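Here the structure comes first, spelled out in structure tokens, and everything after it is commentary.
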């Protein structure tokens, strides 16, 4: 078995974005998703500092310090972009105008709770940013994360141990091992990488997994 | 004695507008106030349909149906004007950013209640517009009206008989006979036209009048 | 490729029918979607809810909507017709056949924005102690009584603007904007009619309604009547 | 004649002192009023309240403000310093000497707008059921739990923008705007620093902050450090 790389997780998440969607990509792995947008799909990327229509990261020549995304990266705009203030950016989020938000996560519970904002780091301040708004507002909340922690602890759990970002809002999870939906009655595996058994995936998960009827192989290109 | 004309009431109200003030002028008599702005004073007129910086009413040549005020008059803009949407126009009002709002009134009570929106006309619908917001939000709420009704009933009253627009918000009243403040303990006459006695003014008023220490004559030019 | 421009009113108004609720932009004739109002008049849809600043400008331009009593509820700030006569909609209201929810204009705009912004309710000092606050929860903040007001959302918003692009971005001229941004935010389907829907994108800093709020752009010449301000 | 342009920081910051509360615009380096932040660092005012998206960009650019423990309260969405070290303000917080109110970013923006718009409080679904809603009133709307959030206002707002005019109208470039409009609305005194404060008025449809919200315009070159995005 070959777990997905970060770029492969991003690729897989990108395939599910539908033509014409408005999408917010969180810091870290989610911003990589823009790189793997299928060529035939016209997507509008939103940033909570006041943009719809983020284009590619700025090269040295285009770099302009007045054009940044919510991760403080210098960006370009795509054709048809609009700029606005933060209250408007969050009206879009909270008001359900985003089709998809993709965020990183520490843990997701089988009822769709997400913990991703407070790592409880000793001697460091807290950082919440826009995550609580994003999970409360987007039509579809999708989380990218490793299936387990570095020490092998599960991140798909019955109940989150870290402070919550939102309650019952996660719809889908992309990990290095599987694509898992949060269904009404718990985790529902849609896809799993080749060379892994259901029992092995279950052993790496902290809550009961169900497997979808049309369950398939999580197949990604070399990247 | 010579009661003020509508234009003279407007002139008198205009004298109290301080340099640099942001002012909303209501329908009817208040919009006349703009005509009598003292020449040395730079004022910014606000309209609740999304303007700061209303200029003179448009002549036939300037007339443009996309440039109207809240009274549906075709207007011009003054230099330094800004245009924005209704939520922003009312954020200015409700948030206390207007220095003065001048409105017409049916009645003002001695505690500063205003009735000006519902004339209880049989067989006609209601109309509230922005009046309730204006009286709730402006730093200074000033009312222009005739001192009495056409049939001689007082409009300065102990308690309004018409439906209220706002509670305890009126600061000053300009009538054809007097300038009256709503003080903490009731009506306080600041100015009264020549040829009228205090007793005569009291007789035309429905609540007890006090007279200011620096009480003076309400003196206006021919207009 | 994202292109929100549509060629027909049928496509623009897809899904419109009995029981639909519609936010209608416009103030003093500016920003009024006359083409789309006329299109609604030309349907047979009944039991409509209209949410607009003043009933008069719809009734004056598309009289069949009220003459046929196809509206069952209006949320507005002004429901008084011109002159001494009683308008069709006023008769319907006096007959108890038309519900009119009278809302102070700032609260009207803010409730619609709230609907679009995912804010279910907010407190405002406007109207506290008046009959328009009757039956509403009131609470003091800093010693000032405030009324709890609920968000407004609707099935459709119809708006006229000077310019729109294929991404749905909108730019207004003069005072066209009025309730347009808030209404575009609060509707499931937002339709913008405009003279100018060329292929060029509106510059990002010049956009008045971000295209994310707009579903259809209908290129059509201005049908504003000469007396639009007065109706 | 209305002319809000001022020639000195002393005039711009008139009234600033011990106990002042300050809204500071800026996100990822864009729109950050570096000149005014430096001016605040150069005062001796203590017991300050700062309301800003992230503490880091102030602490990185004007370290004396926190090094001298002149801030007693921060309302923000991000209070984590870069890397593994503990910053001065984190030490002060861990010592119990600095109050940090952590607010979800959308709620942060909306609470400031509410302060400027005369809305004392509103309900929002954001944060319901999380520890950031602890102790706050919660109520269900359409089956969704929502938190009652209070407006934020302050003594000062400081903002950087590409352009301003003598009426105080402001226009942003790119993503400078972020919290600027809301902050200008919510402050008793709003100060905008800009490179471009010529005599010409910004066209009315192009204004991003109407001048009614702005008290002083301070013409000054951009003092943004090369690494502004990172601090």
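Which chain is which? They are A, B, C and D, in the order written, and residues in each are numbered from 1.
Throughout what follows, a residue touches a chain if its C-beta (ideal position, glycine included) is under 8 Å from a C-beta of that chain, and two chains touch if they have at least 3 such contacts.
Predicted, not measured: the structure shown is a model, and the values here were computed from it.
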Neighbouring chains shared between subunit A and subunit D, ordered by label: C
Chain pair, A-C or B-C, that carries the greater number of C-beta contacts: B-C
Between subunit C and subunit D, centroid-to-centroid distance (C-alpha), Å: 34
Subunit A and subunit C: spacing of chain centres that average the CA atoms, whole Å: 36
Whole-Å gap between the CA centroids of subunit A and subunit B: 55
Centroid distance [mean C-alpha coordinates] between subunit C and subunit B, Å: 29
Overlap residues in subunit B, where contacts from two or more other chains coincide: 51, 83-84, 87, 90, 93-94, 136-137
For subunit C, residues that touch 2 or more chains besides their own: 110, 113, 117-119, 124-125, 172-174, 205, 208
Contacting chain pairs - touch in the sense defined above: A-C, A-D, B-C, B-D, C-D
List of subunit C residues in touch with subunit D within their complex: 110, 114, 117-125, 141-142, 144, 146, 171-174, 205-206, 208
Subunit D to subunit A touching residues, read off their complex: 27-31, 54-55, 77-81, 86-87, 89-90, 93-94, 100, 102-107, 109-110, 112-113, 124-132, 145, 162, 172-182, 208, 224, 228-230
Of all residues in subunit A, those that touch subunit C in their complex: 20, 22, 42, 44, 46, 51-53, 77, 79-84, 87-88, 90-98, 136-137
Residues of subunit A defined as touching subunit D within the complex: 47-51, 64-74, 83-87, 89-90, 93-94, 118, 121, 123-133, 136-137, 163-167
Footprint of subunit B on subunit D - complex, ascending: 1-2, 113, 115-119, 165-167, 169, 185, 201-202, 204-205, 207, 210-213
